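Shared between the two complexes below is subunit A, which pairs with subunit B and subunit C, respectively.
Take a look at the complex of A and B:
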């Protein structure tokens, strides 16, 4: 166990190429849920830096029309194909990577729809069944990212979106 | 592919070796993101440009209920409330069996016509890993006029097959910019029975359609069907090419299409060979299409 943990720490970077990201909003009319299993993320074990990228077109919805509107009307995916997050774990100490899943805070820049915002989010990071996992759940307000929701559909789309992130990290680079 | 990825990773490792603190994780991720084929979506807002089909499909397990109206002609004047006193209706159910295959069936009050169609997507416009300049679909339908035959001279008879017409179309479209899409629609229509000897059983036509988005939820559309071997101009009423102008308004799960058109028919077998209105004479019908989409995905 100790050897395995040491082995994990000695890796300087961890990657996940099929991280899960979803956004969810519940309204009186219908729930909106978009999910991607194709986000990529890297964690630098030496510095505690963490980065995410997701192509907007990898998000899928139950209603095809919703997906089309998501890309065409809201995210403008042709103009802004990717959402990104670049941040650093607050008070980082590499020992948290070899411990059980623990609460952490990550501060960084979330860029969505061409707008960059510095945010701090709560997350969890640590070993689960010997594998490094990262989880997070936070809220964003689309209008802060220049995503306009017309009054006509205002009651169909929540003011806040709940973002869920799940990543299973693997050692990177060998 | 694999090699290219390895090469990229190799380059990055070389670039950043021994300089672990300034490594740009973002750049690493850029290298790790798989190159994708970027399929063009939403070439048109609806499965119809105005009267005719667009390259858009109902996606798998999505059901669309469409209701369309065409009123009488504007030149009815105020006495007929510019045509609003009369109306022709068409309604249909249309379903995506696969993302690339949709089928539908409907009924129109003009000649009490039943119709069924299938539309298959053959090519999708794309960029990125794979370049494809246009989207291409094949559309085919069958129409059955169920209106009672006029009385015939004694000793002659009517056949069921006389009620049928068949339509084949290629839909070739390109989304030139986010706002501008243009479609060409070569069409062949065969009608088993036509009114007079001067009418053509087989009609060749070329449809052109375009949409321009004024805002994210509003577009203007135009559509014109040029008939190569039109029915004889000496017929009464005289046949014209179909010209339609419209706007699409999108609100959540609905698309409203409002149009002005010289055709009262809403299916290919009627509006292409049998448009009898003339724009110049004011035979212009106000009309609309409304659709509601229901999703049947198990999830």
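Take a look at the complex of A and C:
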């Protein structure tokens, strides 16, 4: 149903159903890296709006125990299953979609662990080998999103977590 | 003598504790092929349930092992080498990322899969994000 109704605007939206998102933190004991290849992002070519969503449970860690702690203790994935970002490219002009990969800024609301914050992130967007790609790398402070980290491990984990995002966009509806 | 016993006991407790701790720390990821499915259902029925009430379906199925039967719509290899199967609907169906260990041992099965045919997969349901995400998954039956 939804797919049929999107037919008329197929040229103005781009989607990636298997976007990459990772979460990285360095600790003296070992580095913590959670990765997901199942994020969904939609880019509106007319307005420059970008929506990005990821299911917390799809983050995969090297150790099963890390995955458990991430979902149960920190992100509370049953209560807050999704992380979302809804933003707009600053000073958007649709011509950037047909040019080479360029630096952009995106301002919007990042919603993690049930907490909404307005942020501006640096990103890259443009054509790479004829395909529209989006990349971003930014830092977040878990405490800003009400994520409690026990004091026992707090000193050992970096204050900021590094988030990396990569998406290969395809025209919607094809 | 008493002190000796106390020391031995303490050492045993420490050794067992350390053993349990290490085992927990190095606990492997779940092996889907050896686990039993909690729910067996048709892809279309599962999709309807998520469309009807996403929150209720997420609570019911998220992180549970599902055995799902449906029509194979597409088969792709992702950039990182993971096999990706999509059931029922290309855009809003069921997305299954195959378990990499299982997939490397079962390449002939994956290669023989035919688009449009019925297939049964087993995997962990991760919830709903435009489509139902199942990973990691294995193929139980293909026709």
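As a convention for this text, the second predicted complex is superposed on the first by the 161 of 174 C-alpha atoms of A that agree within 3 Å, B and C clash if a C-alpha of one lies under 4 Å from a C-alpha of the other, contacts with A are read in each partner's own complex, and residues count from 1 in each chain.
Criterion: a residue touches a chain if its C-beta (ideal position, glycine included) is under 8 Å from a C-beta of that chain, and two chains touch if they have at least 3 such contacts.
Given the structure is predicted, the values throughout are model-derived calculations rather than measurements.
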Three-chain arrangement built on subunit A, subunit B and subunit C clash or fit: clash
Contacts of A:27 with subunit B and subunit C, given as first, second, both or neither: neither
Which partner reaches more residues of subunit A (counting touched residues only), subunit B or subunit C: B
Subunit B versus subunit C as contact partner of A:150, first or second or both or neither: first
First, second, both or neither for A:18, with subunit B first and subunit C second: second
Contacts of A:46 with subunit B and subunit C, given as first, second, both or neither: first
First (subunit B), second (subunit C), both or neither touched by A:57: both
First, second, both or neither for A:37, with subunit B first and subunit C second: second
Partner chain in contact with A:72 - subunit B first, subunit C second, else both or neither: first
Region of subunit C that runs into subunit B when the structures are aligned on their shared chain, from 25-33, 79-87, 97-105 or 115-123: 25-33
Overlap of the subunit B and subunit C footprints on subunit A, listed as residue numbers: 17, 40, 53, 55, 57, 63-65, 78, 81-82
Touch list for subunit A against partner subunit C, complex: 2-3, 17-18, 37-40, 53-55, 57-58, 63-65, 67, 78, 81-82, 168
Residue ranges of subunit C in contact with subunit A within the complex: 24-30, 58-59, 62-63, 78-80, 82, 84, 89, 91-92, 95, 97, 126-131, 133, 135
Complex interface listing, subunit B residues touching subunit A: 9, 13, 20-21, 23, 25-26, 28-30, 32-34, 36, 38, 41-42, 58-60, 62, 96, 178, 216-217, 250-253, 293, 295, 297, 299
Residues of subunit A that touch subunit B when the two form their complex: 12-13, 15, 17, 40-42, 44, 46-47, 49-53, 55, 57, 62-65, 68-69, 71-73, 78-79, 81-82, 84, 86, 150, 152-153, 156, 173
